[in-house]
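Below is a structure I'd like to ask you about.
Think of it as A, B, C and D in the order they're written, each chain with its own count starting at 1.
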Amino acid sequence: MNKVVASAEEAIKDINDNATLMLGGFGLCGIPENTIAALVKKGVKGLTCISNNAGVDDFGIGLMLKTRQVKKMISSYVGENAEFERQLLSGELEVELIPQGTLATRCLASGYGMPAIFTPAGVGTEVAEGKETRKFMVDGVEKEFLMEMAFDSDFAIVKAWKADTHGNLVFRETARNFNPMMAMAGKITIAEVEEIVEAGQLDPDHIHTPGIYVHRVFKGEKYEKRIEQRTVRKK
Amino acid sequence: MNKVVASAEEAIKDINDNATLMLGGFGLCGIPENTIAALVKKGVKGLTCISNNAGVDDFGIGLMLKTRQVKKMISSYVGENAEFERQLLSGELEVELIPQGTLATRCLASGYGMPAIFTPAGVGTEVAEGKETRKFMVDGVEKEFLMEMAFDSDFAIVKAWKADTHGNLVFRETARNFNPMMAMAGKITIAEVEEIVEAGQLDPDHIHTPGIYVHRVFKGEKYEKRIEQRTVRKK
Amino acid sequence: MLDKIGIAKRIAREIKDGYYVNLGIGIPTLVANYIPQGMNVVLQSENGLLGMGPFPFEGEEDPDLINAGKQTITTVPGSAFFDSAMSFGMIRSRKVDLTILGAMEVADNGDIANWKIPGKMVKGMGGAMDLVASAKNIIVAMQHVNKANESKLLTKCTLPLTGVKCVKKIVTELAVLDVTAQGFKLLERAPGISVEQIKNATEGRLIIEGDIPEMKIE
Amino acid sequence: MLDKIGIAKRIAREIKDGYYVNLGIGIPTLVANYIPQGMNVVLQSENGLLGMGPFPFEGEEDPDLINAGKQTITTVPGSAFFDSAMSFGMIRSRKVDLTILGAMEVADNGDIANWKIPGKMVKGMGGAMDLVASAKNIIVAMQHVNKANESKLLTKCTLPLTGVKCVKKIVTELAVLDVTAQGFKLLERAPGISVEQIKNATEGRLIIEGDIPEMKIE
């Protein structure tokens, strides 16, 4: 059950133009930076990217925007990127904004084999336009929910802290974020990690994503792990 | 944020007749045995119990059946209990059998604030009778699903391996089973554990159930941890 | 005619390298013993484990470590524990490659009945309904006929259904059969069993094309 | 009139012992600094953390540890990490006791607009729609009027909505108000602010009953 591949290039060998990708991470935290670099190098185009954010101008998904590889972004917040804004305003880039919890839960639904979920997020707003709504009793009060569909994606690309050779994944701190749900939701799931250990080296009680969900694992060549908002206090 | 109470008795002080309880465990593995003992001692009656199984004649929920405290069981498999069978056939006990994955997911739905979920389990069987069905496309093929409602329960009673004083829970091996979802689903969640440690003693990356879901924690007086099917091989 | 071990051995040959497999209670559990050495197969137990190993050595039983049949077990290196929601999540999202389970009856359209006999104490469906509703590949291990010598491979199940149109392959004491749009397609005969015997034991539509080989089990 | 710190201080007084609290970006983030010492409060960050602590000391920033505003942070003892699905799961299931966030406009029925200005670059709603749709108690920190001195407490929001009928309380530079079935109910005046000034700054229905005290903030 060896899921290890040698490199990012090998991991993405069958990602072709017009693929739909999920990319883990929140801001620049826990993003699959080595896979993004390989996608930029490969130059695949017309990508639909499902990712909470779109990176910054010179890091994360921003790098794929600069090279015009992205056709459509499905995100909850895309704020920190001037090139993104330019492409959006010029109509080169299509953007679908959805609530963050809806994004997370539509990934979960996919990984858990649930075709649709109900959420109250967006009820009464433009997010609800064209969507089926339904009322349910919650704590004795009628409440309205939107039906949102599970995501379909060709590839999920996630960043974990450690993996074993079976593809079991462990995440670190808030770099976990969307990665576990996306890992469950890809038709093919690619995980880049900081360290690969032998099967049996991870405590089976501590695994966040079981290897059954993961198809390919590789060790990232290097991690910049850029900080977006460095906030500190004096000692 | 101290969730620790002194005893099982204190933890269940407000569980009264006719309450709906979720009880974690799979077979006799990972069941809240100290809380069950306290419920038997207290003698509350008319309980509705949501639990994957119903224990055996002299252990687990079987003890509450013997004392006729249970009005209704909602379970996926209730096989190993003669008294259960007697009460069921005599009409003293009401039983609702539901698929195991449906049981788990209806608990998850409750803890995740989703009023209903869709599952294919039971489509075309008597489980589907009277339920709304709906077709969705799955991998390009139309497939039928049942809509199943999130569970409402007054109390969730779970067994974890360790807790910290904040109510963060860690489970061990397959004793995890239904416990995390039920912990998320109780209006009041009571966790009995083998060991309570100070806040900060559990690795925050290894917590299975965050304390926000847990209202009361106590250390079980003793754990029998009975084995239902002892299967071994010779050395 | 195959005994239980024979059925288990024959089913084991359906398992491919790299498979994640869920084994039901009874004969399916035995299949684990006949997976060829060196083949990478991970066993899923729906109570929350990937990487189930053999029974523990005497004295090493761990009450926290059981399979879906509530038997004490062990894990293999690379195993992972998870909760029941994730367990059925991976089942529903078709990450499990093969599900092997028992049946009381199977119909020639793939319907299966294995959880309830009206008039008898009903123990429950456990995880069977979830498994059959979702699995991409289901093999059933069952007896071809009941004790009264009546066929259990039927045109239509007489017992309450567990799932509809889901069984892909059946291994009985007499035969290996695929479930096709046209009915049961006979693939192999058990050692010493004739096509005629299988015909007589099968109430549902049976397709017999060409020479039916005798199965090979060592 | 209150400055940002004043608004944060006043909101901090709404936090009760034992609360789990989600703080939005901007003024709400500042509220953390004014939670009384010794009060047991756990801060939830929707990117996957319960038990958020203060900013790290210089040189101790950890790129894997950020809040929902993408700022480097720390944890406190008893913290827990989880994924985004569970994070919004606990938000939807109303386990978070109090949500504090900013707004561009609030209507007197509790509608809130805080994510989109037509004609301007839209950055996205992030987790705001999930939070306002689910939270059992929402306090909004906002300016009472815009730079043109126009009220932002309205009969009806003019901007695209983030959520409907969800805001429970508002703290502005001028006042503290509850949102009731009859409209904004004035509870407290900011130091030096008259009822008349608040009336003039409020376009939506305003309820003034009895003497309105000046708020106390140290």
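Simple rule for what comes next: a contact is a pair of C-beta atoms (placed from the backbone, for glycine too) under 8 Å apart; a residue touches a chain by one contact, two chains touch by 3 or more.
All values derive from a computational prediction rather than experimental measurement.
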What chains touch chain B and also chain D? A
Tell me which chain's centre, taken as the mean of its C-alpha atoms, is farthest from chain C. D
Between chain C and chain D, the Cα-mean centres are separated in Å by 56
Quick one: report the Å distance separating chain A from chain D, using the average Cα coordinate of each chain. 28
Centre-to-centre distance between chain B and chain A (centres being mean Cα positions), rounded to whole Å: 32
Send over the residues of chain B in touch with two or more other chains. 105, 112-114, 119-120, 171-173, 176, 204-205
Can you list the residues of chain D that touch 2 or more other chains? 81-82, 85, 88-89, 91-92, 94, 134
Mapping chain-to-chain touches, which pattern fits: line, ring, star, complete or other? other
Where do chains touch, given as pairs? A-B, A-C, A-D, B-C, B-D
Okay, in this complex, where on chain A does chain D touch? 26-30, 52, 75-79, 85, 88-89, 97-105, 107-108, 119-127, 139, 161, 171-181, 208, 225-235
Would you mind writing out the residues of chain A in touch with chain B in their complex? 105, 112-120, 136-138, 143, 145, 149, 170-173, 176, 204-206
Write out the stretch or stretches of chain C touching chain B in their complex. 45-49, 54-73, 81-85, 87-89, 91-92, 94, 111, 121-130, 133-134, 160-165
In the complex, chain B touches chain D at residues 1-2, 110-114, 164-166, 168, 184, 198-200, 204-205, 207, 210-213
Partner chain B, residues of chain D touching it in the complex: 18, 20, 40-42, 44, 50-51, 75, 77-82, 85-86, 88-96, 134
